[in-house]
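Structures follow.
Presented sequentially are two complexes of subunit A, the first with subunit B as partner and the second with subunit C.
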Partner chain A sequence: MSSRYYLELVRAEYIFVIAEIFRRKSMLFTVLIWPYILLTFILLLGSAMGGLKYFQARVGVNPVIFFITGGFLLITSLAFFDDVASRFWYDEFIGVLPYIIMSPISKVLLAFAMAIPRLTINILLGVSSLIPVYVVFKGVQGITDSLIVIALSILGALLFSTLAMVFAIIVLVSGGGWRVMNIIRPLIMLLSGVMYPRFILPYVVRLISSFIPLAHTAEIIQVYIVHSEITSSMLTLLGIAIALFIIYMPVSIRGFSYWELKVLRKGVKT
Partner chain B sequence: MRFFENIKDIILCAIFSLKAYTLADLIRAKGVIFSLIGLAFWLILLILPITLFARPDFAPSTIAAYIFCGILVFNVYSIATWDWAWEMRLLINNNVLEYIIVSGRSPLVVYMGMIPVSLFWVSIITVIDYLVVSAFIAPPRLIVNDICILMLSILIFLIVVFSYALLLAVVILISGTSGAIIEVFSWILPLATGGFTPLSYLPEPIRFIALLTPFSYPAEMIRYSLGVAETILPLHLMVSIGLCYSLSFFTFAVFMFKYGLNKVLKEGVKSLAVW
Partner chain C sequence: MTKTVAIEAKGLAKKYITKKRTSIFKSKVEVVEALKGISFNVKYGEVVGLLGPNGAGKTTTIKIIATLLRPDKGKVYIDGLDAFSNISIIRRKLGIMLTVEKGFYPRLTGLENLEYFGVLYGLYGSKLKERVNFIIKLLELDSLNATTKLYEEFSLGMKARLAFARALIHNPQILLLDEPTLGLDPISARRIRSIVKDLAHKEGKAILYTTHNMFEAEIVCDRILLINKGIIVAEGTPEELKSKIPKLKIIKINIRNCIKENVERVLSEILGSDIKVKVESVEGGLKVKIPVSKPEEVVSLVLKTFVKKNIDVINLSIEEPSLEDVFIYFAKGETS
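Up next, the complex of A and B:
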């Protein structure tokens, strides 16, 4: 019963997102071009610092492949956090949150349905950004590699979803809106190491980041783009990420109940 | 006499706008604290991967100076896009623009009121930029070569980015799209105009494009005056072209801003969603 109910919510979210994309084609264009912009930004700055070969010598992978993957990961990983935190906040801003709270739907299921359409769009983003770059640098092997990286990124976003919900609840409960989001977004990226290998982080930061499932899936992807093979250490990291996903599940569900109760008690600002 | 009354009126409006912005955004919404924390995190996130490109024989303080100047220039671009041009979207979304137009004032007064706040921001951001770069790489090796050129280049740069903000605001007004414009321009323009790196380090085609824009001249002058890099053209030429180009660009931007407002008066304000 609940799975059918959840699928109905996902379907509604798809209709909403598809309508939004057709109405705002510029949004789709921006999302598709963004990993390339970020790549150009970092490569140009990096070239001025020294050169691409120094990066390759330190990290063991071509920086073009590394940062196109990083840009893609950055967008994909934030799907749940961005959608949940910004949507409920935006609903409050435009005055429809009271109707959503009054509706009989489960807010937790709604939150878990919200990012699914965006994850689908991210597959398209992976096709437009990763496949061309991987093919240029790795040849035919690049197609397989990029498809595996896309699959791992989507899996990483799903495994991060429960903790992302906890972060989204912090944004909603704090009432700080985009300002708090603007702190949490780079913090997540910073701790999970999507834009650089985690070994350059200080030990304490690395220790904290080990509690974030995304840090483990990002590491799996980074190791994969260096070696192009699945190793046993990657499976261990995947196991840790799955365990963390399960651990954070009850916290996110309770968090949503707390936020809903808070909204019911204090009312909604309009 | 009428001219001076108009100027006084504009200054008064700008002061009210400054008070409103400071109270609402910085104090009531705690924008100062939240934004500064967020900014420091974004800086660390962008700086860390760039250090992996550094030549082993490069002194860390030199690398730090490059990064510091790149971020400084980028931040000045950012106040044009995220502070000033974005304000047009907020004015429309919050249904304020129509009231400003009906009151007989130009929305320019809001922009003028925001300038001191934005300058305050850039100053604080520059300090944070310096601290973050010092903590993660090394204290930047900055030597002020010529204080007059530095002051002049900052002034020219502010004129250019203010004009650029006005043009972006007109595009938002006319097209009814904001997110895509701001997101794309805020990244591409600093890259294409030599905002991040000295022009001599850029590939020839990009260097040529950069010199066609008014942005590259003050950016090069800032880097020269801080002892980070030599200018690509002789200094006196950079100063002359930069000054003339910035004033012409400003005149053009004000003309376009008025054109955009007239168009809105005829066609009405387009509604903007998140994007």
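Up next, the complex of A and C:
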């Protein structure tokens, strides 16, 4: 498959996602408003738990920055899981799946293409929501910091993509749709430690989370927003995340083959 | 010239196993045998109709050939290649049209949908544009504004044309069309039938066409496979199938100036009691119906006798059995 063809595939996916968002006003509104809803929620929750200063003293960073970064990283990283799991499920619901299955394209490549448009939109939203907050709290330095955080989040999302595909396949194979997604999503949130410092997790959970690439990139970002510098421990964590990304790759490829085989045994719904 | 075999199905069998809940803790396993070892082939340049009642196994057959369902037993060969062992090669050769009423992204326009599926089949750039434009013209999609309208605003006729367009997007040599005119208005249905015939006869494509519309099967298909309860019960051209039904040609004669009982007596004298003749009173005379297998011999005998007996014949016609008669005959399992 040529790179030109893959770009065309991604372009086709962009058209689909843009149509789904811009031609559905409720969806467009939700996409635009979510960072602000999240921020309000975080501030309200934070002040109820004991105030900003207490958090800053323990974690070393302003909670607004911490949580908005965590929220952005989570939404960006979930793009692969959400898009792949919900999209094939949606395709089955609207009767498109037989044509997707019948097309000669590799389903793994298609799955990767599916997530890219939503990932891009999330990044754009991250730029519009993260940069102003960082500038308010960190001044001019906030621009550099927020851009590095955005770059690390994209990297985190990409490194998490192969495991996210495995999770998506679990949803597809189980046939549970939204119900199973709603179990896996909070599990990812809990185990990856994107919304709180990883050191507060119990040992067993921390051990399990070490198998999730997102947990390592989340830790890199958390360390960066505290110290505003790249350290050697961050590179080690990055190395682990890359290794996990590679390890999960054949699992996700085989997973797609297994899912397709299961669909063919049962018969694709028309 | 002998035609090359495009699709070859050998002993296809498929069972569906479903669980039906009978109470909170109990469920009952139900096995439905959709196909019981059917074999057939489709050659390039012909339209083969798969005709059968609801639940006969038509869609199951189409799905298996399309590599969308694995059979329990049997093999499918496409251009001589085992379909399930060469899945990615085979899928490029097939174009499929399943249910007419859905199967596209509702928020995309007709054109965007076509381009999307074109990309999935490996088309892009100028090749994709050329092919999409060609198909839009072929199926007159632009005249219906199907290219600019969102799919969710489409009428059933437009949806069918778009589904047909998608089946043709990568110019496949083999087409699998599952009831493509179901629920369509006569104009859309006629348009699709005409294109299907042209694709087979002018472009040499192999087409497997399922329907339970007898009229359609008769005018579209070169060969028909009658399927019932997972078995192919008869196979042949429409004419061959009709000839397989004994004593089904009906001689219809309208006569006047005659008493019903007299006509019945005359006919029983010349035809004997084996042929069950019907004589009905109609406005201005009588209508006689004689079911026979070889009408030519009977017509001459009956006419000669009527002339001798001074019975006035107004008109005479021979009614051939319709494909519907054939279908009902085999569907009831009368051959057994």
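The rule we apply is simple: the second predicted complex is superposed on the first by the 258 of 270 C-alpha atoms of A that agree within 3 Å, B and C clash if a C-alpha of one lies under 4 Å from a C-alpha of the other, contacts with A are read in each partner's own complex, and residues count from 1 in each chain.
FYI, a contact is a pair of C-beta atoms (placed from the backbone, for glycine too) under 8 Å apart; a residue touches a chain by one contact, two chains touch by 3 or more.
Fair warning: this is a prediction, and the values are worked out from it, not measured in the lab.
Once subunit A is used to superpose the two complexes, subunit B occupies space next to subunit C without a clash. When the shared chain is aligned, subunit C comes close enough to touch A:P104, but subunit B does not. Of the two partner chains placed by superposition, only subunit B is touched by A:L187; subunit C is not.
When the two complexes are overlaid on their common chain A, residue A:I221 makes contact with neither subunit B nor subunit C. Touching more residues of subunit A than its counterpart among subunit B and subunit C is B. When both complexes are overlaid on chain A, the residue A:A164 reaches neither subunit B nor subunit C. Of the two partner chains placed around the shared chain by superposition, subunit B and subunit C are both touched by A:R24.
Once chain A of one complex is fitted onto chain A of the other, the partner contacts of A:Y5 are limited to subunit C, with no touch recorded for subunit B. By the touch criterion defined above, A:A79 reaches neither subunit B nor subunit C.
The superposed three-chain arrangement places the nearest Cα atoms of subunit B and subunit C 8 Å from each other.
When the two complexes are superposed on chain A, the residues of subunit A that touch both subunit B and subunit C are 23-24.
Listed in rising order, the residues of subunit A touching subunit B in the complex are 23-24, 26-27, 29-30, 33-34, 37-38, 40-42, 44-52, 54-55, 58-59, 63, 67, 70, 90, 176, 179-180, 182-183, 185-187, 189-190, 195-196, 200-201. Only residues 29-31, 34-35, 37-38, 41-42, 44-46, 48-56, 58, 63, 66-67, 70, 177, 179-181, 183-184, 187-188, 191, 196-198, 201-202, 273-275 of subunit B touch subunit A when the two sit together in their complex. The residues of subunit A lying in touch with subunit C in their complex are 4-5, 8-9, 11-12, 15-16, 19-20, 23-24, 94-96, 98-105, 110, 264-265, 267-268, 270. Of all the residues in subunit C, the ones that touch subunit A in their complex are 16, 59-60, 63, 66-70, 88, 91-92, 94, 96, 98-99, 102-108, 112, 115-117, 119-122, 124-125, 128, 150, 166, 178.
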